[in-house]
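One chain, subunit A, links the two complexes that follow: it is found with subunit B in the first and with subunit C in the second.
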Partner chain A sequence: MPRIAVAAPPIAVVAATVLLWWLAVRAFEIPEYLLPTPGAVLEAVWVERDRLAWGMLATAIGASGGFAIAAALGIAIGSILGLSRFLERGFYPLTLLLQMVPLVALAPILVVWLGYGQRAVIASAAIVALFPVIANTLGGMRSVDRDLEELFSLHRAGLASRWWRLRLPASLPSIVTGLRIAAGLAVIGAIVGEFVSAYAGDRAPLGMVIVSAMREYRTDLMFGAIGLAAIVGFALFGIVNFGGWLLLRRWHASARSSSD
Partner chain B sequence: MALRGLCRTFSGDPPVEALRSIDIDLAPGSFTALIGPSGCGKTTVLRILAGLDEASSGGFEFEPSRTPRIGYCFQEPRLLPWRRIDANVALPLELEGMPREERRRRAGSAIERVELGGFAAAMPATLSGGMRMRAAVARALVAEPQLLLLDEPFGALDEVTRYRLDEMLHDLWRRDRFTALLVTHSIPEAVFLAERVVVLSPRPGRIIGEVAVDLTERTPQVRATDEFAHLVQRVYRLLLEAMGDGA
Partner chain C sequence: MMRAVCSTTALAVAISLAGCGDPDATSRGRTSVSVQLNWVPEPEFGGFWQAELDGVFADAGLKVELIAGGPSVPSAQLIASGKVPFGIVSGGELLSINERGGSLVALFATFQGDPTAIMVHEASPWKTLEELWRSDATVACEANLPFVTFLNRKYGGENLKLVAHSTALANFVNDPTLAKQCFVFAEPVTLELQNVPVRVFPVLESGFNPYTAVLVTTREHLAANPETCRAMVMALRRGWDGYLADPTKANAAMAKLNPAMSVEAMNLAAKKQRFLVEDETTRSHAVGWMTGERWNTLAEQMNSLGKLEQIPDEIEAIFWQPPVDDGPMAPALEDSATS
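Let's look at the complex of A and B:
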């Protein structure tokens, strides 16, 4: 499909939404503190650009720090659970149970444990992003081709060699899927962490900017900060997607079809 | 090297007796083919030799009491889809811990020998079935095995490709003189490649008889000779007997 045909529909929908938004605010005379116009939001972003840029940076660091921890820990835990049926049967239901816990609700506890500040934010992002990485890694490890496992048995490959040369690359498509989900979740976890771990000042993260704008009824600034948080999420997702494509493009169908 | 009194019964309910007292001598540098109806345990013989399965009794004897290096060609190429052909071929050396340079050199020469030169950098998915099987043969040969086990390696290929690969395999064997044990369903393939064709009965697999193949030369043309047809007939008759249809 030509690029323009791919890009046109979403651009048209976004443009129409923004237009409707602007028309609605004008037509129903909605007060500014409830719903500002798109123009007012852009203006607020411009006026507060320094503060918001620092906020974005702080949130990006929190989210990507949490993401990195979730990725490393999730791949490690998923690989270990994938080693034996016993471990999987023993621990996997537990991880599912933990998934039922609204993880963002743990953020206040993290603040108690780790203190106010970025460490709690990173921990919050990591916890929220961890489970899809574990689940997808385990799924990948479980579905490694038996015939290829046998090839490694034939050559008496050790566990570490088998993991590095067979199980990890074979699971990569599935792991990348898990990491994509984790990228979006990490930003959610970071913002919630920022809500509760209140470290204010000129270089406060976006979550803090949103909370203090709420206290001042500065809806325009809140919308701006939310939009920028979404951009952080998009960026992280984009980086993960690109990394996955780089790793898989030479051999896996999922990467090949999207690059054609 | 020899198989002595090899038995294999798979536990289960009821237990399945797959092989009953198999004796096969594998003289150094010989080429033996194992043929029999499907499900007769041919593949199990290879798996036991390769250490992928264990004999219930009897087994693999070799002298001097040193485990021979074994190369194994599966029914499918079993290449790692994320590795280039050269890295796939080098895998057995890599798992042995051989240094990279040496590995690369040997893999390159194995790739040349199976006539895949120029495709060392290709990904498996971009090659045809026959080329992938050549790569698998190169991988089985890269560590210079004393015993090459071939589990119907070309069974999934079309007839013409299969003939070409049989001819290549014959040339490799004539040059390197490894001991080879081939499991196959194809009588012409067994006759073309082996010096000796051993016929197994249906399950439980027992040796019914064998045919010595004394072809003077093994060129593609030999397949069209009476001598070849006669050998194929002899193996076929044994096989019929084995199935209980020839009595």
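Let's look at the complex of A and C:
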């Protein structure tokens, strides 16, 4: 498919949305403290570009750190739970708690435990990003071909060898799916963590910029910072997608079809 | 007070006082109005509860619904957009939101002295706000608020580490080196009752002293319902007079709605906030009284701090208040006010 045909639909949808947004503000005379125009948002982003660039960097570091921890822990926990139904039944409900926990309520406690700064932000991002990795890893481990498992048993393969040579590769498509979900969630977790634990100043992360702008009724800057947080999420998602494609392209249908 | 605990309930709680003293209010044709508070029930709103319990709102022809606020409730936007006819904001918020298309008008300023303060542990080395601000301490505060910029301009603050301000007190209690933004009669009272000794530096002593807990409405609502607005202000003055004379009844009522704050804490807070509610101006006029000079000073300060692009041309137009000797309160029935 030509590149233009791939890029055109999302560009058209975004352009139409921005146009409708602008028309709505103008037609209904919506005051700036409720909704700024797209132009005002772009102007605020340009005027505050240095502060927002540092903010993006800080948020990207927090989200990436949380994502990396969630990925490593999630794959490890999912793999261990995949070893036996007993372990799964025992511990899976506990991992579900991670999904149910209201992070906004938990975040202030993380600051008490870990102090102000990136540690609490990374922990916040890791907590929300962990569950999809565990769930998808476990799902992948549970769907390994039975015949291949028996083949490994015939050859008396050890646990480590079985995991490395069979279960992990077989679970990769499922794990990559979990990591994709976790990438977006990690940014949300980082922003929530920043609301309560970030340092202020010229290099404050986007969560802090959003809170400050909200308190000053700077909706233009607030929308700009939210948009940039979404871009951080897209970037992390893109990196995971690319990594997944690199891992799967030679043998899995999902990667082959997307590269065709 | 106990904002950490309260915050979890604040979003969900809407407290209707309507009919507390008179279950047959609607049959007597009172004008229904709602007031969006910017926090949960606590002594800074004592005058509202006193006015209801003493039947002052009813005498004024008003049936008042008080809606609790919280840290995530956009009170100022709700009022400015006309979703509620009355509400509580700070003086700085009024100027900021008006510059961005709002049309808020101040009717009653609860605090002549801004209760905003910075608290430190009593064992900490800082004896004054200036000492603290010139140090390399870590301060949990709303870093972009005008008072922080004001203190930075006045005292430097280059070495301070400003961190996110949350309503929770656990951080502060656990960290003897941390300084934290507070209200002089709120968090310090809670900590005092928990035997956590603190030293409190009121920001107003630095020269930045905006009106706080200001009752506002929109210009459009005031123009369409002047009698309702007048009745509300007159009733609130009487409510505050009653609360200042004896806050125990209203505090008991508020404590039932705010389980995070005991009656004991409310009584102590009421005592501590008194000097911020009353001053020479209120004694010579009425509680809640505002002056153009004070509003102008705030606008000039915010402008010089880069928080306000322009000083309003007609500063007198941003506040309205009935004269002190405005006669007995007349029921506000001729207006078309609705909640």
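Here, the second predicted complex is superposed on the first by the 253 of 260 C-alpha atoms of A that agree within 3 Å, B and C clash if a C-alpha of one lies under 4 Å from a C-alpha of the other, contacts with A are read in each partner's own complex, and residues count from 1 in each chain.
In the analysis below, contacts are C-beta pairs under 8 Å (C-beta built on N, C-alpha and C of every residue); 3 or more make two chains touch, one makes a residue touch a chain.
Keep in mind that this is a model prediction, so the values were computed, not measured.
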Fit-or-clash call for subunit B and subunit C when the two complexes are aligned on subunit A: fit
Partner chain in contact with A:Y217 - subunit B first, subunit C second, else both or neither: second
First, second, both or neither for A:A105, with subunit B first and subunit C second: second
Residue contacts with subunit A in the superposition, subunit B compared against subunit C: C
First, second, both or neither for A:W251, with subunit B first and subunit C second: first
First (subunit B), second (subunit C), both or neither touched by A:Y199: second
First, second, both or neither for A:L166, with subunit B first and subunit C second: first
Touched partner set for A:L154, first subunit B, second subunit C, both or neither: first
Smallest separation in angstrom, by C-alpha atoms, between subunit B and subunit C in the superposition: 48
Subunit A positions touched by subunit B in one structure and by subunit C in the second: none
Contacting residues of subunit B [partner subunit A, same complex]: 50-52, 72, 74, 76, 78, 80-82, 91-92, 94-96, 123-125
Contact set on subunit A toward subunit B in their complex: 147-148, 150-157, 161, 165-166, 169-170, 172, 250-252
Touching residues (chain side subunit A, partner subunit C) in the complex: 31-34, 105, 108-109, 111-112, 116-117, 194-201, 204, 208, 211-213, 215-217, 219
Complex interface listing, subunit C residues touching subunit A: 4, 8, 76-77, 80-81, 93, 96-97, 100-102, 138, 140, 142-145, 161-164, 166-168, 170-171, 174, 307
